[in-house]
Each structure stands twice: as C-alpha cells, then as structure tokens.
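Below: the structure, in structure tokens.
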C-alpha cells in the first residue's frame, strides 16, 4: 500500500489525522472497537477487543469493562487494567508521562476518573450520564497504550497489543509492520506484514498502483475521475466509493469586518450553490447536509427533506436574489463590490472548492481572491484569527453529535474557529448528550443542527465521497461509510495469490 | 602561492560563516515554527502544550543564544535531533546522502558522456545541418522543465510498458539500482549535458582557431586525434568550471526529480524539512550543501592553477 | 575580425527593417526565437481579445473535457477552459520573467557597478556576500524565500530575483574593472568629471551589452524556476493561471485521464523558454563579439 504523506509520528493519541490511524491502528487494540466489517459505525455494532464485556451502572454514570486474560504487549509484558488507567490518565493530562500534544483531551471532559478495580477490570466514572463515551472508546482514535512505555517512545517506536508489530518508520520513505505471531486472536492476522510506501505525489502514487507496485491505494484518497481511470487501466481492480464524514465548511471571522455584520454572513450562506460543488468535484456524488452527516450513511444527521427550508439550502436563484438584497443592506452593490480574501489550505481538496466558491460569490457583488496558506501553518493561522473567510475541512472522528457539537460549535472550544457561541444552544448540547433514548436524542440533535444552520454558525458545503481501490486478490477490506478514522485494524485481511 | 591558498581558505570560512547566519535568520523569518506544524494535524492549538514544546526544544530562548547553541554544537560535531523524527540529525541525513549522490553522480556522468562528445562534433562540424540540429537539441535541454520531462516519461512507461520506474524499496542488486536511477538521472542530466555541450562547443571553436592546432594539422596528425586529443585537452578548462556552477544548480534539479520519481534522497528530504520547520535538519543540511559547493569551487580554482600556469593570481 | 566589421557596417547603411532582415538571415535560429518570444508577448498583451472565456470561471459540465472546437485545449478538473488559461498564463510568465530579471538586474548592476568601480573594502565585503548567495542552491533559496514571504505573484518575483543578483553583479563588476582602466575613462577623469557621473555616464552604458545578453539568457531560467516552485506547491497561487501551477501535483493527478492538462502547459513553458534562449544566443553573438563562435 502507498501512503499519502510523511506521517507526523506513530502515536495515534497525539495526532488527529487519519494518516496516522491507517498506519498505526494495526499495531493496537481498543477496549471495544466498531465492527470492522460493518460499513456504518454505530454503537449497536461493537466488537470486543481488550474488553470481553462491558456494562453500565444503574445511574448510567459508571461504565465497567471486564478485560481479556492472557494478552501480551509486543515486548512480552502482560496487559492489565493498569494499562487502561494509564492510557486515560495520560489523555486527561493527569499522568507524569505526558503527551507532547493531546488533541482529544476534550473527549473526556465528562470523565471524572478511570479506576483499575482489579487487574482484569476497569471502570469509567462519569460526571453525568453520557452514552457517547462508548462511541468514543470504540473509535480508531482510542487505542490502549502500555503503562511501561514513554509517550516519546510511542511516537517513534510504538508497542501495542495489536495484530501487527511495528518494524520501522523511515521519514519520507516507508512504514513497515510485521505480523505478530503471538497475537491473542489465534490464527490472525493473515497478512505477513504491511508496508506503507510514502508517496506524497498523488499522480506518481496512482501510476504506481496501476503499474502493480501496490496491492492497495491509500484509503479514501482516490477522486472520482481517477477511480474511473484506474478502472479503465486495470479493469480487475476493486474500487469502492465511500462517504468519509469529512465536512467541507465555511468559516467566517465574526469579530472583524465585513463578517461582524450579520447581513453579510447570511448573504454568503445564501449565495452557495451546493449542488454545483458536487457536480464539479464529484460528478454529482457526495452528500449535502447539516452539521451532522445525513442518512442513509449518517446515523444522526438531518435528512434532505428536513433541510429544504433551512437557510441557503433551497432554490439557488431565489436565495441569491435575497443575498444580493442583504448585501445592498450592508452597503454593497453592483457599483460597490466587496473585495474579499478567501483563505484556504494549500491542498487540492481545500483549494478546488475555494476556487468554485470565489466563482459563485461573483454573483453577490463579492470579488474574491484566494489566499493560499501553507498547509502546515493553516490551523495556527486561523487560530490567530488571521483570516476573513476561510474554506476548511473538518473530519468527524466518530459519527456522534457529542463530538461534532462540542468540538466545532461549543463555546470556547479550540476547534471552534469562528468563536460562534450560543449559551442557549450550549444547554441543548448537554441535554442531548445525557439523553439515553437514541430516538429522543436524535430529535434533539436535529433541532440543534437546524438552529446552527439558521445562525450561519459554520455553513457546511458538503460531505465528500472518496474512492479506494485494491487489487482483486486482496480480500476482506471494508471501507467505513460514516467515518474515516476507525476501520483500519486489518487483522483478517488476506491475499488470494 | 601558499599565501594565496591561505587567503582563499580564510575567505571560504568567512563565506560559510555568512551562510550560516543567512540560513539561520531566514528560517526564523518564515512564519510558524515546529510547534505550529506539530499541531497542524490536530486542527487546534493548545497554547500550554505549544509553550511546553517550544521550551523543550529551546525555541523560547533569544535568537542569538539559539544561534550560538547551533554553531557550538556544529563545532563539537553535535548536530542535534530532528524535531519530527526525534532521531539524531546525522542519522536522518546520512542514509539519504548516498542516494542523492548516486543520482547526481549519474546525472553528471550522463552530462559528460553525451555533452562533451556532442559538443566536439558540433564544433568540428560548425554551421552544418548537424551542428544546427545539435544546437537546437541542446537548447531544448535548457528549456524543458525537468519535472515535466519526468512526468511524461512516467506516463509513457505506464501506458506502453505497464511498468513504472519509481523508487518503492531499496534496490537489491547494483544492476537494479542502475536501472532504477538511469531514467531519473537522464531527466536531471539532460539539462547539464545541454549546458556541457554548449560550453564544449564554444571553447572548442576557440581552440580550433589557434595556431598550434593548425600546425598539428599541417604536420599530418589524424583528424580525430587533433580534435579529441589536442583541442579537447585545451578546451577542458572552462568545462571544469561548469561542473562547479552546476553543482549548486543540480540540487534544484534533484528536488523536483526526487519528487516525481519518489526517490528518498536528501533533496526531497530538505524540502519536507523546510515545510515542517525542522530547523536542525534544514540548517545542517544547507550548511552541508554550502560546504560542498564552496569546496568544489575551491578545488576548481586549484585545478585552474594546476592546469593553466598562465593564470596569475594577485597576492 | 571580418565578421565583426560587416555586422557593424550593417546597421549604419540600412533602415531598421533592413537591419532586422539582415540579422534574421544571418541568425535564422535567433530570428525564430524572436518570433516565438514575440508571439508570447502579444498573447499576454492581447489576452482579453484572443479569448473571451474567463480563465477563472468554473463549469461543472466541462470538467476534464477533451479538446474540442468550443474548448480548443480542453478543460481542467474544475471545468476551466485551458486555452484561455494558457493565454492568460502568458501574462503571469511574462510578469515573473521580466519582473524578476528586471529586479535582479537592477540590484545586480548597482552592486556590480559600485563594487567594481570603487573597489577596496566595500568590494571585498560585497564579493563575500555574493559568494554566499551563490553557494546556496537557487531553488532552495527560492523555496525558503517564498515560504517566508508567503505565496503571491509579487513575492514569487522577489524570491526568484534574489539568486539572480550575484550572477549579474559578477559580470558587471568584471566589466567595470576592465572599463575603469580604459583610456576614455582616464580622459573623462582628466577633464575633471566627478566619479559618480563617470560611473553613470561612461561606465554604465558600456556594460549594457553584456547585461542584455545575460538578462535574456536568465529570462528563460526564471520562467523555469517559477514553474518548478509552482510544481512544488509554492510560487504563484491559484486561481492565477500560472503554467507551472497547472502542472503541479493537483493537475498532474489527472495526467492519465486528461493528458492534455499536462501536455499543453508544459509545452507552453518549454516553447517560451526555448524562444527566449534562441533569442538570447543570437543576441550574445551580435552584442558580445568576444564570445562569438
């Protein structure tokens, strides 16, 4: 398999890109994990890994895991509940063994403590009920780390309990994993090893796959026209188009002109022709939705029928008419255009929609110019509010309202780039988070989602579909359809040759 | 003579010192530092963690102190640790050097092998159709972007041969290695060979007009011997110069070629390191390249001195 | 020597057109180069008249369209007309080529002239600085510079011009050193002209010939450097239709679905650079007799 970029490190907990998950997930195990062969992740389809069973207390504030006996770390030490406690203490910043960075600390804001009840049992104590905790623990983002290895070593030479052992990471060259013959699931894994050749140049990478240098492309990195091309050049290749639950969205700097004016914000939301984005970039495929991924792929999102009457989702012509009126109200017009810098990250998936956006904004008296920000400093720049309007991509680690709402729209969250803050809504976030009845919770989530769109908090353009291809002899690969972070354990993938 | 050598050597050191300041300062002007880059994949910045990282790496200290630490380490032979891989800088650079060196060496060999003979032919056959064809070819060598050439080669290889000459794993035999590097080396070397050919041609023409060549011809020396032995020997001096000039330029060619052919050499590594603000890698690598370039030029000056006693140096 | 005399005799006798014809016949390759360069310059100037299509307008219906009568060079992934992007791209390449060569020449001449003319400590220091600039690989310098300044057309021009400075400065300096000792300079000094006006009125004009030769030769390479920078993701940013950018990673992805996306911009770059190189060669032969073959 080839890899799309130089991996920042091997440590899943310290990174927030699926580039790391793909190459590191096979090294580790979770307590529980989403069923690796069900394309739609949901809390109803979990597979036990290091935990054999789990149960909620009566008040729904304690979650207890019974752990698997006889599991060994790759260095031979036995796995116990102490490792579970260590992992979450580290994530919550309570441990001496500190991560260099801890991007998902906020996931555990509601976890009071994790206790090791006995060597083979661990309990999560919550401040208030939160069913989503289990969803987070099942994510590919939540492997269990060993207690006896430092955070620094986990970045460069990780030790796990998973089906594959880490061999080496050569910067800009390759990552190598080899089969763990002592893996606790007897007979697994089938593959002798996995080798990820790092090829940042996508055209070279695809050519390499077509020429047979690789058994599989990097997951969900093949665009639709390229997929067609792969199929024509290599007719026996298996290609799957899957929803990634990565939302392309607009961020507006509400603290500075012109977007401190609500009229301009609303005008921008109304000017969007979402279908045109899909037509250009995905040959009409991919999905339009609100803050949460809509069904059928998504579990919690607003269905298209519910979206119709939300701002900016209806008839484009009528919307733009209205947008122009709002712009005129804000003091702009045919003779007084608004000059705007549209910031975006210097990556094709960001740049391409930004170019289309600028083209669409011409219709409402806005002359946009693209401000391409070097990829590595993009988030540093928007965190410093050095932008006016930006085109951004936000991937959802798990398909769950808690993660999306708190992270992207919560008051004071570090990923809430626009500083949108609505105290009433914040209470609704908590209300849905505590709701243990999934049907009721979904209703609450829909209400919130609609409100977010009406407030033009962070207009969502689309959720992109991306392709993955592999050679016909590669078997048992399942690509998830509502996440791009959780499906890479690869323990039972095999090759028919 | 000795005084001149010492003087040249001292000036060389001065130049290197200047370069170290320039590259150090330039890197600090570039917005964003390693902490920003490390967080870039997280989609957020945690100020406390960021400050901790900067402190750990000594980036919170005054620029002058950082510079002194770097140079101090350099003098002691301690190049520091890569920010990204957290391995010693030397361990990161050393395995990549031979790959780029081989590529560069083959490109240069390609340039010499094609550039010089064709240059001689072009000069000897001045103003014939052959000369025109060769001149146009050599000029096109200076006009084609090497990455474009590389892309076209890849395209053709995959389409018509179902085979792709990119680097995916270390070659096992020297023959495989040769095959693997031949195409990228040709893509880089095309430009150098064009340059070499043009220079050979013009210095050959100059030499061919000289009296002693006419004398040699009059004495009945064979045609080939006159052209290739007598004339070329004297035309070689300016050709040596171009190797020096090309050395610095070759690095640029290597960057794009290593990118296109996915060769894990030191040039592409440098670009990645610049992108991730991995100061120890960038600083030391740029210094290394500068030392190479400066020494090559120094050696070439010495070669001049040895080859051509007519050149007199100011004291 | 005979050749030089005829050339110098040429312009004196004939009208301009005839002069041109004279050179064109003597340097057919140079004339071809001039013609190619002229075509690109005209394309840049008259871009809006040559094509009515907006090079930044996107259109989903023609994404990756095959070349046709409507879109003679096809369309890219975002459905932008390639012909109009190539035509407008000539403006970017011209701006980068002329801008950075001009900027580099301006600084190079100033530095070369002053250091050659005044000499001494100043010269020594300046030469060290030039040494330093030449020992840093050009593309690496440009990479760091564009990273420092941020990608934009202006910054790309600045970044590319900087490595040109030492090359120009070197040539001008050695010319100045030579000119300084010439009898006519001595004469000017004897008449009591001040040093500055000698430098500007007598030395500078006499360095023009080598400068033009050098600048034309560098013009092509600046276009190539811009292309390489854009290929690496720096350089002139979207949505400016830069030829190099069109070849960059994102476009090259579709190389097999739509080879025309890669072939045409690459051909445009090559042809433009080839043209200026041919022209540069001819100019060198005409203006710089010492280097003539």
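Per-chain numbering from 1; labels A, B and C assigned in written order.
Everything that follows uses one rule, which is that contacts are C-beta pairs under 8 Å (C-beta built on N, C-alpha and C of every residue); 3 or more make two chains touch, one makes a residue touch a chain.
Please read these numbers as outputs of a predicted model, since none were measured by experiment.
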In graph terms, nodes being chains and edges touches, is this line, ring, star, complete or other?
complete
Which pair wins on C-beta contacts, A-C or A-B?
A-B
Just how far, in Å, is the C-alpha centre of chain C from the one of chain B?
22
Need the CA-centroid distance for the pair chain A / chain C, whole Å please.
46
Based only on mean CA positions, could you tell me how far chain A sits from chain B in angstrom?
41
Per-residue multi-chain contacts in chain C, two or more chains
147, 150, 252, 255-256
Residue list for chain B, restricted to those that touch at least two other chains:
31, 151, 155, 158, 259, 275
Among the residues of chain A, which are close enough to touch at least two other chains?
201, 203, 207, 210, 233, 374
Complex contacts: residues of chain A adjacent to chain C:
201-203, 206-207, 210, 223, 225-226, 228-229, 233, 276, 279-281, 283, 346, 348, 351-352, 354-356, 358-359, 370-372, 374
The chain B residues in contact with chain C across the complex are 11, 14-16, 18-19, 22-23, 26-27, 29-31, 123, 126, 132, 135-136, 139-140, 142-145, 147-148, 151-152, 155, 158-159, 201-202, 205-206, 248-249, 251-252, 255-256, 259, 270-271, 274-275, 286, 289-290, 293-294, 297
Going by the contact rule set out above, which residues of chain C touch chain B in the complex?
29, 128-129, 131-132, 134-140, 143-145, 147-148, 150, 220-221, 224-225, 227-228, 231-232, 244, 247, 252, 255-256, 259, 262-263, 266, 269-271, 273-274, 277-278, 281, 291, 293
In the complex, go through chain A and note every residue touching chain B.
2, 6, 8-9, 15-17, 19-20, 98, 100-103, 105, 152, 155-156, 169-174, 195, 197, 199-201, 203-204, 207-208, 210-214, 233, 374-381, 383, 394, 414-415
Mind pulling up the chain B residues that touch chain A in the complex?
31-32, 36-46, 49, 52-53, 56, 82, 84-87, 92, 151, 154-155, 157-158, 162-164, 166, 168-169, 259-262, 264, 268-269, 272, 275-277
